[in-house]
Every structure is written in structure tokens, then in C-alpha cells.
Amino acid sequence: MSAALLKHWQRAMDWRWLLPVLLAGGLVVAFAIPHFRLLNNYVQLVLICVGINIILATSLNLVNGYMGEFSLAHAGFMAVGAYSSALLSMKVLPVVTHPALFHLAVLAGGLVTALLGLLVALPSFKVRGDYLAIITLAFLMIVKSALENIDAVGGPRGISGIPRLTTLPWVFCWTAALVWLIRNFVYSSYGRGVLAIREDEIASDLMSVDTRRVKILAFMLSAFCAGIAGALFAHLLQFISPRVFDIVKTTEILIMVYLGGIASIGGSILGATLYTVLLELLRPSTVAALLSWLPAVVFNPLNEYFIRHLGMLRMIIMPLALVMVMLYWPRGILGMREFRGFIPLGDRWPPPAVRPRGADVA
Amino acid sequence: MTLLRATKVRHCFGGLCALADFNLDLRQGELMGIIGPNGAGKTTVFNLLTGVYRASEGSIRYRGVELVGLTPHQITAHRIARTFQNIRLFRDLSVLDNVRIAHYSQTRYSPIEALLHVGRYRREEQRIIDQSRGLLAIFQLEHLAKETACNLPYGSQRRLEIARALAIGPELLLLDEPAAGMNPAEIDQLMELIGSIRRQFQLTILLIEHQMQLVMGICERIKVLDFGETLAEGSPEVIQNDPSVMKAYLGEDSAG
Amino acid sequence: MTSASVYWLQQILNALQLGSIYALIALGYSLVYGILTMINFAHGDVFMVGGFLCFLAATLLGLPFVPTLLLTMTATAGLGVIIERMAYKPLRNAPRVSAIITALGVGLFLENLTLAFYPYPQHVPPLLLNVTWRLGGLALSSLQLIVISLSLTLMLVLDYVVRRTMVGLAMRAISWDKTYVPLMGVPVNLIISITFAIGAGLAGAAGTMYSLAYPVIDPYMGIMVGWKAFIAAVVGGIGTIRGAMIGAYILGGVEIIVVALLPSTYRDLVVFSLLLALIVIRPHGILGAPRAQKV
């Protein structure tokens, strides 16, 4: 019975227009929600955060999951993107007059961060594993302390008053675009090189893979995306400071990646969504609102002894839940497996039943 | 024409010298074997030739170009490929991907085209898939294309390693104990396979082996190493009858 | 003695104090990494728990110094073993990153648990009578001397255990090979638990002394101190005991010098830049040796 279901699912996934339709539909929904006020502002905010976190998780997965490194620098990349785009949009580009320039600022933030990614890639030529973890950690701390000491960018007080230009449809577009770029990269010769490096770097070198170039490309792409996420983040919260981009932030992104599944784009989307939504759902106010239909005799003691303390309870339960997940799924929920719809047609297994005319490569 | 010339190569790890005064003159199209007891320095030769180690002393020239000091990646650009004594496949990846990865240097699209899946991307990807499948077919592995490499039986893994090495499009192929763990029937098949790929791809082959059936069966020339030094060199008949070789390696009454 | 040399001698003492505390924490990282090749990311938070346990013992139980120290060390040692048994042992054969993420989760759990009880920084009552002797302009504080000498004593004891006892021998054997050592009759699980207990106990001692020397504690103090101690262990050569100590004292020295010479906001920036430079120059640390790989 379930084998037949699986077959139907696969045939549905193999529909050539699946992804374009999903994306178009998503764009329409993302545009309609704020325009017709279909959901309240809080929920929209959560959705935007989900989008930003998807970008962060997918880009970190490229380096930590697909390439098998352990980079702790991601919050640092985010910081650089946030700061550079904020400075551009506030001091250089007249974004308030031309909102399209906002995207220019975001893109510029990403490009600046990509250059930094190049810098971080260099030590990775000679060291791997724990030593690279330390180097990326030190890099993160240096970025944070440097920002704290440069008064021109506000020092420890940070930058405030950033124009709020991040909206749901734009985040949807950026998220879709960046995830698409990462997916394309993974299913290319360079992406296979990334996998080869994870499996056996010495053998990769001997099998003609230019490991240096591949590492540079992977780190730059990863940093580029993190920078854009940071830029979107800055123009959402309208205030950024060095304290936001610390090891705790990196840890959050790490959790999203490893929870959802390493070396899986679908996994990162899942992990980012789960993490963001669950953390929001478990707020006292949200839970109270969701359970408000209960009769008072049940609700009141529940509220007194449990819901009110959710704020701190969730931060205790969440890491415990993470540990549980790791014990059962050491590679994450979708670890090293992929949502069939993301895989190019030629790479799918079993291959699609109906071949589109001509090429079997998407 | 001399393809590979190693002159007075010496390699020491700290105080211990794995290879002393190693000389090699490999002609194009030749099939040469290196034999010797364990620890004689055979794999060290391969590691030096492919840039995994940098020779302490001496020179290794390929078509006149000095290889000592080059990185492994640069050496593969000279179209030199190898297999490994302990199989080093990309274990968690599919059989097809293992061969596709080795096509990296022949991929003719840029990172931008890769990011956007435009331009030459589709054509090149199709070409690489076709070429990889073709190589797998030669080694009778095509039906296993989507299997995970570590799930393959041992003999198939060894053949996959050779297929992967051929994907680089090499001129010189280094095989490190390709027959390890095989029974005589499998060795016969391997001998035929090596002969046919040699013809088909016009390869020069240097191989390390312990299985005398293979070595004496296909090698045109044999070099014997012991404790890092060359004990003897010559055709199979010469080696089989060399007393010092017999004493050190083949055993007093071995008939090969 | 000139006032400049007095000043610098003072700073040396400060550096020794700070370095000693870092060393006790760094040793925990090194011991665990040496035996399991695993970075125990929860270790900094165990140090923080030690500080809070000291606080609890002093305020709730009103214990004097020595019982507090012993209680804290025992409790953190037990905590280390519990963490190991419940969170790390099941993942010993899983990919290493899973154990790392689990460690991060455990650390987060400890931080937020402590935060739940103590949302605000706490002030630790002085348990040690702090006498200051003046020696020609130099102010010697008894607290400082106790911290330094106690730490050095603990380190010497550890060194002795590792190099001269059967337990230490077993630890070193396991760090070299985990497959065949059990076949020689070494109780691997027990030795691993002992290693965690020792490392965590030392962190607990560090937490106690830190909370007495710098009496304001908060649940997030384990993060910065822990990560710095970890980087120090790597700089010295992770997996080696001497390396951890050297790295920690270098870290303490650099921190104190930087604060003495530059505005204090530059402290972390310079410290991390220097540590980064040291690691890039010598990735395996000062006393570390790269593990050779056969091709």
C-alpha cells in the first residue's frame, strides 16, 4: 500500500512545473498577506524571521554539512552584512526615496561579506576539523570586538534607526533566490567537489578536484548568503549592535542546521522553520492565547504553574529536546537525504518515469 | 620515448629512509610492475610520484617537467592518475558520483554558470554523465551506478577505483595493488581488463602488486624493491631467476 | 624597587591568578579531547555551575572555604559524569558533529537552568580572609596567593596522576587507541568517566576560585571564559596537559598586558587576534603534534 503511495508521491514530485508553481504560489501568498492583512503583524514578523533563518541555515549547511567542516563564523558574516548594508542605506544611498536601492544595499552587504568569506577560506587549506573550528571562532570574536571598538559604526551601542524595508514578499524572493543558488551550486561539478572534500580530501586532490578553488567558492557563497540574511535582518529590526552577533547566534544557526539535517537543503528549511516557529509558539502569551478556549477551572492553574513560566521553561526544554533529537537522529531529521523536488531531474533516483523532451538534466 | 624519469630519489621520514637512490625510466606505453616485501617503499614511490609526499632528494621528471614540489592537484593536471592500496573511494556517495567527481578538471563551465544552471551547464553535465556511464560499463559496474560506494563488494570497489582514475583521462596510470584480495579467476579477469584499457586508452601503466600471477602475467618489466633499495630490474624471466630476488621475496623455490 | 617594576610585578601576579583559573578549565578540555577527540562544548558552563554552587554553598549553607571547595568540586565532578553518561556515551560511534551539537545543547540547558533560578548577577560573599601584605610598594593579596598556589597544586596532582598512576596510564593508552585497549583489560567506560570527572572537578575548582577572586557571577560567564580557555588549550596544543597549562598562562598574561596598556574595550579584540595568529602559525599548538595519516 505504502509503496504505491510512494510512487504517486514521486510522480507528483517529478511534475516538471512543480517548483515554478510552488514558487509562484508562494510569491502570491507572500504578497497577499500584508496587502490584504490576512495575518496580523506578529505572525508576519515570524514568517519573515523564518525566511531569514532559512537563508542562514542553508548557507551554513553548505560549509558544515555538505563540506563537512565545522565553521563557527556564521554570526560574524551576518554581522558584516548587516552593518555594511545598514551603513549604505543610511549614509550613502537615498533608500527612502528609491526603495529599489534597498536591494542594492542588501546585495552590496552580501558581496562585502563574500570577500570576508574568501579570507576565512584561506586557513581551511591547511587545517580541518577542530582547528578550523577554533579559527572561525576566533574570527567571529574578532569581528564582534572590532565592531565594538569602531565608534564610526556606533561601537557597543550599535546602529539604530535603520529604515524598515524588509517585507514579507521581499524576504520570500530573497530566500527563494538564495536557496535556489545554493541548490544549483550543490548539484554542479563544484558541489560534487564539496562532497568529495568531505569524504576524502586527499583523494579528491588526486582525482583532479581543485580543492582550494572549491573551498573558496563554498565559503564565499555561504558568506554571501549570510551577509544578505544579516542585511535583511538589520532592515527588519531597525537596530543592530555587536552583542546580537555573538556565539549564541552562531549556536542557534548551528542548531537549525543539525536539527533539520546536515547536507540537505530540505533539512535546513525544516530545521529553520521548526526552530523559529516552535520558539515563538512556546511563548507564554502565544500558548495562553491558543489555550484560552479551555474552561477557567482548567486554564487558571495551568497558567499559574506552567504557562507563565514557559518563557524560561522553553529555553530549558529546547536544548534538552535538541539532545534527544541528536541521540535518535545523529545526522539530523533529514540528514543527507533530500526533498525529491529539489534534486535536478537527471540526479533523481529512481529516475522520473516521464522524460521531458530531450535533456534529462534540469 | 621516456615518459617518466626518476633520478636518485630519496625520501626519509625523520631518521628513517623509506626510499634510497630510487631510479626509474618509464617509456611511453610500457606496463611496468614494482614488487617487493611489505615496507619496501613501493607505495612511497606512488606517493612521491603523485605529490602526496615531497621527495627529500632527487628529481622526478614527467615529459621533462619537474614534478617534485608540485601539489597533488597540479600533478593530476599532467594526466597522472592512481588508485590506492587501501581503497579510498568516496564511500557515502554513489558509484556514478565517484566517477563524476573525477571529471572535475574536464568540466567546462564557470562558477556563475553553475550557480545559475545556464549556458554550458546542461550540455557539460550530460556529457559527464554519459562519459561516466561509459566508463562504468567497461568495468561492468553500470547497473550499480546509483548504489552507494561502500555497499559494493570488495572486488567491485577495486574496479570502481580504477574506473574513477580513468575519468581523469590519464596518460600514466598508477595501480596500487589492484588484485589485492582476489582469487585466481578474478585475477585473470583483471589481467584482461588491464590489457584492454591499456589498449583502449593508450595508457602507460605502473603497478604495485604482490600477486605474482598478475605481475608475471602482464608486466613487461619489473622492478624489485627491498628496504627502499632496488634489488633488481628486468623482464619477468630475468626477475624470476634472479637469486637475490628469490631469497628476499619470492622464496627459494618459487616458480612465479 | 622602582614604581614601574612594582607595577609590572603586580601585573605578573594578576596574570598568574587569571592564568591559573584558565588553566584549570583548559585542562578539562584537553583531557577530554585527548581521550575522546571531542570538544566538550559544555565545559565552560560546568565551570559556571561551579561558581554558582560555590555561591550556594556560601550563602545557603554558610560553609567556610575548604568545605565549599570540596563540595563544589565533588558536585561538578558528578555533573561531568552524568553529562558524559547521558549525552555523550550514546553518541560515541556517531559522527563527531552530533556529539558537538549535543554538547552545545547541554551547555545551553545549563545556562538557561541557572538563568531560571538567578536571572540577575549574584555577588559571592568573601570566604577567604583577604589579607594584603605590602612588600616595598608591592601589594600581595593572600587571596591571590591562595588561588595561584591551590591551582598549581591541583595541576601537579593531575600531572602525577596522569604520568605515574595506572589510571593515568590507562587514559593515555585510550587516547592512542580505542579499539584494542579494551581487549587488554582496560575498563574503557570507567576510565572515560573518571576523565570527565577529573576535568569537571577542576572546572568546579576554577569556578569557586573565580567567584571568590572576581565576586560577581552570572549565568553567561561560562561562555566567554570557557571559549577563551578552550582557545588557550588549542594554542598550547590540545590533548596535552602541559600544553593546556602553557596556553592558559599565555592567555592570562596577554589579557593582563593588554588591559594594562590599552583601553579595556580592546581586550577581547587583541586577545583573539593574537590567539588566531598563533593558531594560524602553528595549528597544532605549541606542544601539539600532528597525527600522521597514512595514504
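Each chain gets a letter, A, B and C, in the order it is written, and its residues are counted from 1.
Rule of thumb we're sticking to: contacts are C-beta pairs under 8 Å (C-beta built on N, C-alpha and C of every residue); 3 or more make two chains touch, one makes a residue touch a chain.
This is a predicted model, so every value here is computed, not measured.
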{"item": "Chain nearest the overall Cα centroid", "value": "A"}
{"item": "Identity of the chain that, by mean CA position, is farthest from chain C", "value": "B"}
{"item": "Distance from the mean Cα position of chain C to that of chain B, given in whole angstrom", "value": "49"}
{"item": "Mean-CA-position distance for chain C and chain A (Å)", "value": "33"}
{"item": "Between chain A and chain B, centroid-to-centroid distance (C-alpha), Å", "value": "42"}
{"item": "Touching two or more other chains - residue numbers and ranges from chain B", "value": "52, 84"}
{"item": "Residues of chain C whose C-beta touches two or more other chains", "value": "295"}
{"item": "Set of chain A residues in contact with two or more other chains", "value": "202"}
{"item": "Residue ranges of chain A in contact with chain C within the complex", "value": "64, 70, 123, 126-127, 130-131, 133-135, 137-139, 141-142, 144-146, 148-149, 155-156, 202, 247-248, 251, 254-255, 258, 262, 312-313, 315-316, 318-320, 322-323, 326-327, 330-331"}
{"item": "Residue numbers on chain C that touch chain A, as the complex places them", "value": "33, 39, 87, 90-91, 94-95, 97-98, 100-102, 104-109, 112-113, 115-116, 223, 227, 230-231, 234, 238, 265-266, 268-269, 272-273, 275-276, 279-280, 283-284, 293, 295"}
{"item": "Footprint of chain A on chain B - complex, ascending", "value": "50, 52, 71-73, 76-77, 81-82, 84, 88-94, 97, 100-107, 109, 111, 114-117, 121-122, 124-126, 128-129, 146, 164-165, 167-168"}
{"item": "Residue ranges of chain A touching chain B (in the complex, touch as defined)", "value": "181, 184-185, 188-193, 195-196, 199-200, 202-212, 217, 221, 336, 344, 346, 349, 359-362"}
